[in-house]
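Notes for the one structure printed next.
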Amino acid sequence: MSTIPASQPAASGGLSIRDLTLSIGRGDKAKRILRGISLDIPAGRITGLAGESGSGKTMTGMTVLGLQPAQATVGGVIEFDGRNLLELPTKKLNTLRGNDIAMVFQDPTSSLHPMLSIGSQLTDHVRQHTGMSKREALERARVVLEQVKVPDPAGALKKYPHQFSGGQLQRVAIASAIMCSPSVLIADEPTTALDVTVQAGILRLLRELCDDLGLAILLVTHDLGVMSALADTIAVMREGEIVEHGDRFQVITAPRDPYTKALIDALPHDGSAPTAPGSTSTGDAS
Amino acid sequence: MLSPFRRVVGIVGIAVVATLGITACSAGSSDSSASGGKSVVVDSSFDLKTADPNREYETTGSIVAKALYETLLTFKGDDVTKPVDGLASYEMNADNTVMTLTMADGHVFSDGTPVTVDDAVFSLQRVQGIKGNPSFLLEGITVAKTSDTTLTLTAATPNPALPYILPNPALSVVNKKVVESNGGTATDADGAEAYLNGASAGSGPYMLESFDVASQVVFTKNPKYTGDAPAYDRVVLRNVQGPTQKLNIQAGESQVALDLNPDQVAEVGSSDVTVLSSPSRYMIFLLLNQDPSVSAITSNPDFLKAVKAGIDYNKIVDLAGDGSVQPGGFIPSLFVGAIDASDGNQHDAAAAKAALASSGYKGEDVTLNFPNDITVQGLSLQSVAESVQAQLKEVGINIVLAPAPVATELDAYRNGKETVGLWYWGPDFPDPSNYLAFTPGELVGLRAGWAAGADQTVTDLATAAKAAVSTDERQSAYAALQKAQNASGPFVPLLQPAQNVVTSKSITAVSLNPVWTIDLAGIK
Amino acid sequence: MKTEKRSAPAGIPPLARYLAIRLGVTALLMLGVTLVTFILTNLVPADPVQAALGEQAAANPEIVAQFRENAGLDKPLPVQYFTYLGHLFQGDLGTSTQTRTSVATELGKAFPATIELAVGAILISAIIGIGLGLWAALRQRTFVDQVIRVVSLIGLSVPAFWMALLVYFIFFFQLKLFPGSGRLDPAAIAPPHVTGLYTVDSVLAGQWATFGDAVYHLVLPASVLALYTIGLLTRFSRSAILEVLDADYVRGARAKGLTGRTVVFKYVLRGALVPIITVLGIAFGSLLSGTVLVEKVYSWHGLGEYAFSSATKLDLPAIMGVGLVVGIVYIGLNFIVDIAYGFIDPRVRAA
Amino acid sequence: MSQTTAPTSRTQPDVLAVAARRRMRFPAALRNPLAVTGTAIIVIWLLLALLAPMISPADPLAQDFDRLQPPSAAHWFGTDQLGRDVLARVLDGARVSIILPLLLVVSSLLVGTVAGSIAGYFGKVADEVIMRIADLVFAFPTIILAMVIAASLGPSLTNAVIAMLIVSWPAYARVTRSLVVVASRSEYVVAGRLLGNSPFTSLGKDILPNIIAPVVVLATLDVGTAILLLAGLSFLGLGAVPPTPDWGAMVSDGVQNFSSWWISVFPGLAILTVVLAFNFLGDALRDGLDPRTADAVKGRAL
């Protein structure tokens, strides 16, 4: 079914996924989670990956960073900067994680360590990746926090996650992701856990980052409302396969796949996102 | 699970190993002993309460007092039949009521001041005045200074045992001036105990370096001591349980162990250590209450006979191991008046069963009370109790064991409430008159419900024994008394356990004595 | 389980209020402890006078009366209790009926010995227990995990007194790897008394040989004592760490490309620390009560042995003193654990 | 003091979600190899205890043999200081050393569960009184309190068990209380109350079935602790009265005769195997519990 070839070749700094398969378990009992995903995530664009929970969209995002479950078997190619990420040893992969490819998770209250200060969590990976001094890293963190519009950036560095609202915390998480100026950002349901009122702000921020920094963003969400507001291209997943892939306008207005059509028809017409019936496969770990 | 974590596990593993390594390293540096001079470690199972000589009346307390202080009279070596001069020499008047002591010249306290008659009078009066455990030793005796070198002890009634009492370390002479300046008096207001628990004020071979009732007492040589200097500059007396003592002496951690039982001694093997084995001064006995209101069964003479014949004494001696003996009567073999085992009770199952039949005993449970946290020379009373129970079962007597911590049980014992009791007696002084306590109406007799007049034969023999003067007379009088007690009395002497002192090969001599157990200064 | 403490009414600083409540509860509990101990020890159908006096002295009514008067035993029980409380408020724990020494002095000797042992044991169990728990968690459902599980369960199942004997026999007697009984080499002189902990005092005095000796003597009894708590901590830290390993923030940390070491030590262990500290506190408490059995075998004259001998010798003031000290330690322990939460977890600090 | 019961709740405050999720997968838990091993050992020991008089090689009380013989064909476990067969005593000792702690655990479970339910369900005064008493008991170290009680009541197995009961019920009371508090806030219980169920119906029908599994697991884990505690008291001479064979007391006999290792090694191994078996079983059962309630159990099973 994954018949859609990339409409544009992978721009430099972007990411290209080819025939990605992933299964858990061995032999006949193996559970096939991803059944040959191919997707381009070009720089300067937001690529949306939609689908209901269990469709494999989050797993796709995780696999890019090598965060799939230990017992999973992976096949295919994830090409970045001329290298296949799937074949990189962990040590090498670690130099890319957070540095060139960063990730923003669904719930900032659980994806940030509750007992570590923001300053510490924003700088530890920068210092490891770049060898910056602590002071330099903190200064960088202050600048980035300002960039993502966190009020009082200097003060925020000394605070702990529980002292922020959900929306602000997600901005902090995004700041953490872009600390090392990555070229690819994977945003896994970045607004799902937030109040509707602050969702728009986060989405706007992602858009700005994409445009200003030329980031390649993979936006993973079950929320087609969010998707339609933000993504440049949209891919729809179902049971481990991409069933629809195309320009945002085309997918929303003229879905070719009946499943996509059903999803779009289910969208409420007031524009707000429907409440999730259940969260994504990994989102309920809190 | 996750490859990056593999290394972390390695690190944790190394951390654990490193920690152990550090402890191992630091362990290696500990063999340097902190003190100069020769020192010796003596392991003992403590019953220590105080280092105040005039208050102590415990086995360990006597060992401590003996090392720190001197007494007016003393015994030479282990010979307790003849008191010899200590800080003084003595003369007794004809009717054994007035003893005159003349202070010997030249003895000095550890602070350099001479030992005077005032110190002696003060010390003896202090023993009386503070109303402590040893006060009874001088009960009914008036202590008076008669000149600058003499004092007299005047007894209301003839007291031939007095010369045998005076060597008791509880009657040690303390430095009056030092003790008084630290709150000491010869009354119950005395407050010098705390001081004496931290420092000694005596003229003995050693001085107190440190004192901890629970763990150890450390002695250092007294440079001012006027007698033969002890061979070791420093003695550490440690509180260690018997089984551990055995391991320690075998491993060379200690040089003298005082509380090994015969089984442990047998296990040590004589290749690494020297074993000194002799009958101890203790007598373990069974008492059967004669007070019918306590027990109708045990006060029955036939039942009493059945018990005496039902016990297999050899088996108990066997249990207690080499060196222990069956005392013929209540006086241990060390003292004048002791009788041979063949003159004591004999095992006779048939006689026991016959006596039991005529006693009317119908198999009721009879409670045997005993302290279960006491060992006598390393032998636990519990083993003896279990053995007695099994033997009496064979002749048809059902004994139920009722162990209790000694503190709890003492009350019932001393108030004469026990039906059958298993206890031991250590002599207060090495004279058979101490054992008159085992006669009707006396201290231990009352505990067995044996009231004054309950057994006129025994009472008469006791009076006769008390009056006997010459050694031969006393021997035969006490022998007769014990035989009578064995025949009709409530006490069944079971065992005189062995005293085993085990020393390492580096020790050439130890000086043992029934009164103070061991003279630490005599270790060579 | 109590979360009500999170909000304090306005006006009173929450910390002061918390401390006040805490102190009040502690005082009440201590009062309860003394009362319970007093009642219990007076239930004993025996006379402490008999336990304290020798054969002949106990037969002398004059001496007995004197003793009763000195120990205050001639007064009715309620009077005795309130007299005790009165002295207690002045910081006087009374005088042992056995040794006529102040109970505070005796506790001052016994308590540090036990604390030294228990701290040694808790250090050993923290290092090994948390290490094994971490190892097992990182190797979840592997053979290693199973082995560690069985090992930790064995640790939980070993009778301490029996193990103490066995270890003593093997490591001291047979292999001669470690010293035998006591806290120091018998020839060694105890370091000058500051804290009563030989390890600390020797360091303060700069006596390194004594320090080594003290540690050397500590190894066997502390290890035996630690077996149970190692089992406890292994089991507990494994599950606490497993829970944290699943947490989003650990995945987040790995997504940032942090090395395994940073992830484990900075993110995972810190996340698991609150439950682990809680268990450490409980484990320390269980160590304190476990010492009596080990102290007996190693001639380690600590609180356990003191408690045992006081209890069996009916030394009332001593038993009360032990009850108080131990009660205070338990409550203090909980307090320390709570404070530790504050240091570890900023959310608790704020509350 | 009570806030230490469920430590992880600090990081994971959604306790209310627990009630719905609490399921005990007993059958699955019992298929675990640890559980199988544990159960097998327990069954074997219980059989040995019951059959002891029949299979015992000798009378455990008879002092018929030579003293202190090492293990041999005639006496597999050797003989003790009084010439009794150690094997016979170990077998007979199982009756005291296993069965008594079992009874103890059942009784403290009953006392503790009832007290904890009352405290948790009715709250207020009942809660305060019961839990403060529990706190008081917790302020003492178990064995020291047991020691004082046993010393005051005099050594005997009955008194040792009474002492242990006094120190062990609060653990159950705490766990039960915390579970009842959570359960009684859950919707179905509230609904039941609104429908007019009496407090006791509500406790018995709606709440108890939901809390019974963790309490049973706690009890299983506690058997081991109880066996160790009784053995410890006996070791100190405050438990079994001689000549009753009891494992703790037998180890204590061995202390006096150190080189006759068989006197203490075999009863010690007996204690170890039984306690280990109960811990295997309890641990496997706990794995079958919902993690959150397992925490409550873990926190208290110390």
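For clarity, chains are labelled A, B, C and D in written order, and residue numbers in each chain start from 1.
Keep in mind that, in the parts below, a contact is a pair of C-beta atoms (placed from the backbone, for glycine too) under 8 Å apart; a residue touches a chain by one contact, two chains touch by 3 or more.
As the structure is a prediction and not an experimental result, all values here were calculated from the model.
The pair with more inter-chain C-beta contacts, choosing from A-C and B-C, is B-C. Nearest to the common centre of all protein CA atoms is the CA centroid of chain C. When you average the Cα atoms of each chain and compare centres, the chain farthest from subunit B turns out to be A. The centroid of the Cα atoms in subunit A and the matching centroid in subunit B are 85 Å apart.
Averaged C-alpha coordinates put the centre of subunit A at 50 Å from the centre of subunit C. Each chain gets one centre point, the mean of its Cα atoms, and the points for subunit B and subunit C are 36 Å apart. Rounded to whole angstrom units, the spacing between the C-alpha centres of subunit B and subunit D is 43.
For subunit B, residues that reach two or more other chains under the stated contact definition are 1-4, 241, 247, 373, 405, 408. For subunit C, residues that reach two or more other chains under the stated contact definition are 44-45, 169, 254, 259, 271, 296-297, 311-312, 345, 347.
The residues of subunit A that reach two or more other chains are 94, 114, listed in rising order. The residues of subunit D lying in touch with subunit C in their complex are 1-13, 15, 34, 132, 135-136, 138-144, 147-149, 151-154, 178, 181, 224, 228, 231-232, 235-236, 248, 251-252, 254-255, 258, 261, 264-265, 267-268, 271-272, 275-276, 279-280, 283, 291, 294-296, 298-299, 302. Within the complex formed with subunit D, the subunit C residues making contact are 1-3, 5, 29, 32-33, 36-37, 40-41, 43-45, 149-150, 153-154, 156-163, 165-166, 169, 232, 235-236, 239-240, 243, 271, 274-275, 278-279, 281-283, 285-286, 288-290, 292-293, 296-297, 304, 307-308, 311-312, 319, 322-323, 326-327, 330-331, 334, 337-338, 341, 345, 347-348. Residue ranges of subunit B in contact with subunit D, taken from their complex: 241-243, 246-247, 261, 263-264, 267, 318-319, 372-373, 375, 378, 380, 382-383, 385-387, 389-390, 401-405, 408. Interface residues of subunit B, counted against subunit C in their complex, comprise 1-9, 11-13, 15-16, 19, 23, 26-35, 39, 41, 49-50, 55, 57-58, 131-137, 139, 188, 193-194, 197, 210, 212-216, 218, 234, 236, 238-241, 244, 247-248, 250-251, 253-254, 373, 405-412, 414, 425, 428, 443. The touching residues of subunit A, when paired with subunit C in their complex, are 65, 67, 93-99, 102-103, 105-107, 110-117, 124-125, 128-129, 160, 162-163, 173, 176, 285-286.
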